[in-house]
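Consider the two complexes below, in which chain A is the common component and chain B and chain C are the respective partners.
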Partner chain A sequence: MYYYLGVDIGSVSSNFVLLDSRRRLSAKVYLRTQGNPVQAIKEGFAQVCAAVPGPVKIKGVGTTGSGRHLADIMLGADVVKNEITAHAVAACSLIPEVRTIIEIGGQDSKIILMRDGIVNDFAMNTVCAAGTGSFLDQQASRLSINIEDFGVRALKSNKAVRIAGRCGVFAESDMIHKQQMGYPVEDIMMGLCEALVRNYLNNVGKGKKIEAPVVFQGGVAANIGIKEAFEKVLGTAVQIPPHHEVMGAIGAAILAEEMMASNGQLTTFNGETYINGGEFTSRSHECSGCPNLCEVVCIKRDNQAIAYWGDRCKKWETSLAARLA
Partner chain B sequence: MRIGIPYGLFYFYYYPLWKTFFSDLGAEVITSSPTCRLTVDAGSALAVDEACLPVKVYYGHVRELCSQDLDYLFAPRLVSVEPRSYICPKFMGIPDMLRAQVPGLPQLIDITVDLSRSDRYLQQDLIKVGRMLGYKKSAIQEAFQHALEENRRCIQIASQGWSMAEAIKIWDGNLLEPPEAGDLSIGLLGHGYSLYDEGLSMGLISKIRQLGCKVHLLESLDAERIEMEAATMPKRVFWTLGRKIMGGVINMNKREEIDGIIYLACFGCGPDSMIGEMAERYTTGKPFMLLTIDEHSGEAGMMTRLEAFCDMLRRRRRVDESQFPAYG
Partner chain C sequence: MKVSFPHMGNMFIPINALLKGIHVDVVVPPPVTARTLELGVKYSPECACLPLKINVGNFIEAMEMGADTIVMAGGWGPCRFGYYAQVEREILRDLGYCFDMVVLEAPDSKLSELLKQVKGIGENATLKEAYQAIKFAWFKLGEVEMLEKRLEYLLPRVIDQNQIEQIYEAGVRGIDKAEDRSSVRMVRLDTIKHMDSLARHQRSILKIGLIGEIYTILEPSTNCHVARCLGRIGAEVSRSIYISDWVNDHLVGGLIKPSNHRQILRSSRPYLNYHVGGHGRETVGNAVEFARSGYDGIIQIGPLTCMPEIVAQSVLGRVSETEAIPCMTIYFDEHSAPAGVYTRLEAFIDMLQRKKSLANMASG
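This part shows the complex of A and B:
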């Protein structure tokens, strides 16, 4: 069967999907990146291929997420796109009339306003990651609760306690205080959900006109407590797509399909033997060519350099391109 | 006589003035090298925590100049450069902060520039500087007039679409390749000392140009027009740069050829926290994006935002164009 492969390498999770030629999801894989994107890409690719019956033929590859360039090097992507565009394309193909997309991932949170099927405005969190998945992850582990059970347990709360959502550090001290006062853990959890939503709306959603239909996607959408908190504040239903955690990857696959359809060329996909038949390693060094001291990353496949990045002057990048040409 | 001028803060507005003034009086002017990571690191280690990134970077440049065997370091106390408007209070304290925190500091020329009510302080200080360098009042006045003229010439160069950093290079006699014309036009605003310092802004201007955009900066707009636009605000903006930026926002918002506006803010900047917000509110007709940088920002995050912004502008335009019938 022919498929389009979509890959989203994020800070916390790495997601892979295969779409068939009619844009139906044939397989999806959600992995924790665990600080090793190279391993995650190999494993994710193997798993997603194993999830469909019969031999897998890839007709196009799209990558997105903060690790999109790494995935591009390893897989040979046809399209390398930023997360905003990928998420918007995915949400739009599922729910064409969508007007607001809330996306909360591990390190990023974004709001995308759609008008007539195109991105009209967007915002991302700035330097602070307080209102994101990693914040929730951290607080869950403080309460020694499995992040997967977080939402369901939070919903058992009768009265959420108020927790400062402005900053992760303040939230934590607030939470400890409330614990010592003897509040039930469920109430604290629901309070955390509300704090995250408040933080999101005040920071990322600041000044944006949130109109229905609202779609909520990204890893944090798995948390039913957050969904409820959003609905309570916004006063409108919040839809969670069935494959909310891999929407970025779905968007990347759709973009790859669009690209292949428009340029009529063959995919640049590297093939399974390239990916599995070699050892990918990455190494970084501080370039001493100028006082900028760029941290240059080198990706190698079996001791052969295949990519450099991080150099502001592009000295390493171009030297490799010259060598390969 | 060797006088050092740090490559930071108001360097990007007044370097031609300062350089001409001191050169005319027979001094050799030494500048620190353009901002790089070492500058940022050295500055962050030296400066008070509360300082914003451009001030920290300025410390880094002062640090570099300390080892240059200077007779004097030029670090003016900027209070106000025009009537009824002020510069951020951190600039007022620069000479004092440097003295308190930088070991091995050369002797400072810390003239007070306060033109909010009169140019009395500036005149007094200029004469003091002249005595220090062994010149008479008339020679000082002459050098100052020439310096003002040179500065105007540099601003004139910038008005042709160069950033002030590039204009200074051209003014200094360098030849620069003009940037390629792009298919998108982006209005880029922010404080000049963060925007035009490519080492500090992580090469923002060149990154936007590489994405196929023509960059419109404040200097390319008509200065009088900006003042008129800024005067339409319900209350006069207190800060000189903030007022000009707001005038620029209002003007760019009206101009059809500009597809979107990007505002570069520095984490920890007091004025930015207000001006950035107001700029967003005054941009009503087109997309606006606020970029915040600090000393540990990753370039990847900035790239993602810029790419997404350009994607959005291009897709929007495609839809706009497709609404017109092809046969005109």
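This part shows the complex of A and C:
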């Protein structure tokens, strides 16, 4: 079977999807990146291929997320896109009339305003990551609760406690304080959900007109407590797409399909043997060419450098192209 | 006496020419690097904005190279910048540096005041030499800015973007070294000719207006080189301010060349009718001007906590809606991560490109 591969390498999770030629989701894999994106890409690729019957033929590859360039180097992507575009494309193909997309991932949160099927305005968190997945993760483990059960437990609350949500660290102090005062843990959890939603709307959604239909996606959309809190504050229904946690990857796959359809060329996909048959390593060194002392990262496949990045002057980045030319 | 000054983009070229013209030993601080910022951050109050930290870094690095006199611009109004020269002097004195600081204040109305200030720095220079030095510095500045603008135009259009950046940088160095008008002009002409000769591709180009706080706009190292990044992903960037505008409007009170400053302030109405300090009002006025001259999008940049830009940002939402132009704001400080900035720029450009191609499809 022919498939389009979409890959979203984020700070917390790495997601992989295969779409068939009619844009139907054939397989999805959601992995924790765990600080080792190279391993995650290898593993995720193997898992997603194993999830569909028969041999897998890749017709196009799209990558997104903060690790999109690394994924590009390893997989040979046809499209390398930022998360905003990928998420917008995915949401739009599922719910064409969507006007607001709320996306909360591991360390990023974004708001995307859609008008007539294209991005009209967007914002991303800039100076603070309070309210994103990593923070919830941390709080869940502090309360010894599985992150998967967080939302369900929070919904058991009758009266949410007000938690100071401006800063992640102070939210934590406030939670500890409320625990010590003896508030039930469910009420504190729901209070945290509401605090995070307030934080999101004030920081990311600042000054933006949030209009229905609203779609909520990203890893944190699995948390039903946050969904409820959004609905309460916004006063409108919030839809969660069935594959909310891999929307970025779906978007990347759709973009790859569009690209292949428009340029009529063959995919630049590196092939399975390239990905699994070699050892990918990364090494960084401080370039001493000037006082900027850039941290230059080198990605190698079996001791052969395949990519450099991190240098401001592009001396290293362009050195490979010069050698190949 | 060895004189130094803070960096602000290519400002070092005219200042270098000016100080040499009045027989002063010049120490040009090393380009702003990670080390400059590290030194500045270490010795500056945390809540001060990025320009102060970079100034302090520049001064320390200059004094390590033997500078003993610092020339710094002053200012007035609600923006903190006007006070920075004083704060910087105190910080450096506390660190034990021995130096003189000359603060150039904007003269009220007379060019002769600037002349006197300049002559004051050069002890052995005559008034005539000071006058000629100012003229030559101004000439060099104009020539450098021609290169800057040509690069902004060509960067999104040429195929080999690394090469054009190298040609540009060689040209800037050449102008800095050139010692008389004709050789300056020669370097500029050669560089532009060389840049123009590069092969171009035919992709559609977006036009982006870069507005915001002047220092952040003029010194690329403070803004993760947004203008270059935008150029590399297919956007022609026009800045709302160039050094010559700043010198003209704020150091010499509009005496050197005709200024569009009033026009910009007029455009800020009815969105912002008051002076809010710094360049808040200019930011709004420039946004309106860009919107009305057919630009595809606007990016506002400034140092984190910049009060005038925060005021302007809160008004830009309405400008964006009424004038129908997308706006994005990015603030910078020592914690800014380039990867995050690039992702936002790329997403913004993507959005504009999709909008434009949709509009083109609808109309044609």
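The rule is simple: the second predicted complex is superposed on the first by the 325 of 325 C-alpha atoms of A that agree within 3 Å, B and C clash if a C-alpha of one lies under 4 Å from a C-alpha of the other, contacts with A are read in each partner's own complex, and residues count from 1 in each chain.
We take it that contacts are C-beta pairs under 8 Å (C-beta built on N, C-alpha and C of every residue); 3 or more make two chains touch, one makes a residue touch a chain.
Note that the coordinates shown come from a computational prediction; the quantities given were computed from them, not determined experimentally.
Enquirer: Clash or fit: how do chain B and chain C relate after the overlay on chain A?
Expert: clash
Enquirer: Which partner does A:G207 reach: the first (chain B), the second (chain C), both, or neither?
Expert: Both partners, chain B and chain C.
Enquirer: By the touch definition at the top of the document, which applies to A:D121: first (chain B), second (chain C), both, or neither?
Expert: So A:D121 meets both chain B and chain C here.
Enquirer: With both complexes superposed on chain A, which partner does A:S21 reach: first (chain B), second (chain C), both or neither?
Expert: It touches nothing on chain B or chain C.
Enquirer: Touch check for A:P291: first (chain B), second (chain C), both, or neither?
Expert: A:P291: touches chain B and chain C.
Enquirer: Once the shared chain is lined up, is A:N36 touching chain B (first), chain C (second), both, or neither of them?
Expert: In the superposition, A:N36 touches no partner, neither chain B nor chain C.
Enquirer: Thinking of the overlay built on chain A, is A:S173 touched by chain B (first), by chain C (second), by both, or by neither?
Expert: Touch partners of A:S173: none, neither chain B nor chain C.
Enquirer: Kindly classify A:K314 by the partners it touches after superposition: chain B alone (first), chain C alone (second), both, or neither?
Expert: second
Enquirer: Do chain B and chain C land on any of the same chain A residues, and which?
Expert: Touching chain B and chain C on chain A: residues 66, 81-85, 116, 118-122, 124, 126-127, 207, 290-294, 312.
Enquirer: State the interface residues of chain C toward chain A in the complex, per the touch definition above.
Expert: Residues 30-31, 33-36, 162, 225, 304, 314, 317, 320, 326, 330-331, 335, 339-340, 343-344, 346-348, 350-351, 354-355, 358 of chain C touch chain A in their complex.
Enquirer: Can you tell me which positions in chain B touch chain A when the two form their complex?
Expert: Chain B residues touching chain A: 33, 36-39, 199, 203, 267, 280-281, 287-290, 292, 294, 297, 300-301, 303-305, 307-308, 311-312, 315-316, 319.
Enquirer: Report the residues of chain A in contact with chain B in the complex, numbered from low to high.
Expert: Touching chain B from chain A are residues 66, 81-85, 116-124, 126-127, 207, 290-294, 312.
Enquirer: Using the touch rule from the top, collect the residues of chain A that touch chain C in their complex.
Expert: 66, 81-85, 116, 118-122, 124, 126-127, 207, 290-294, 312, 314, 318
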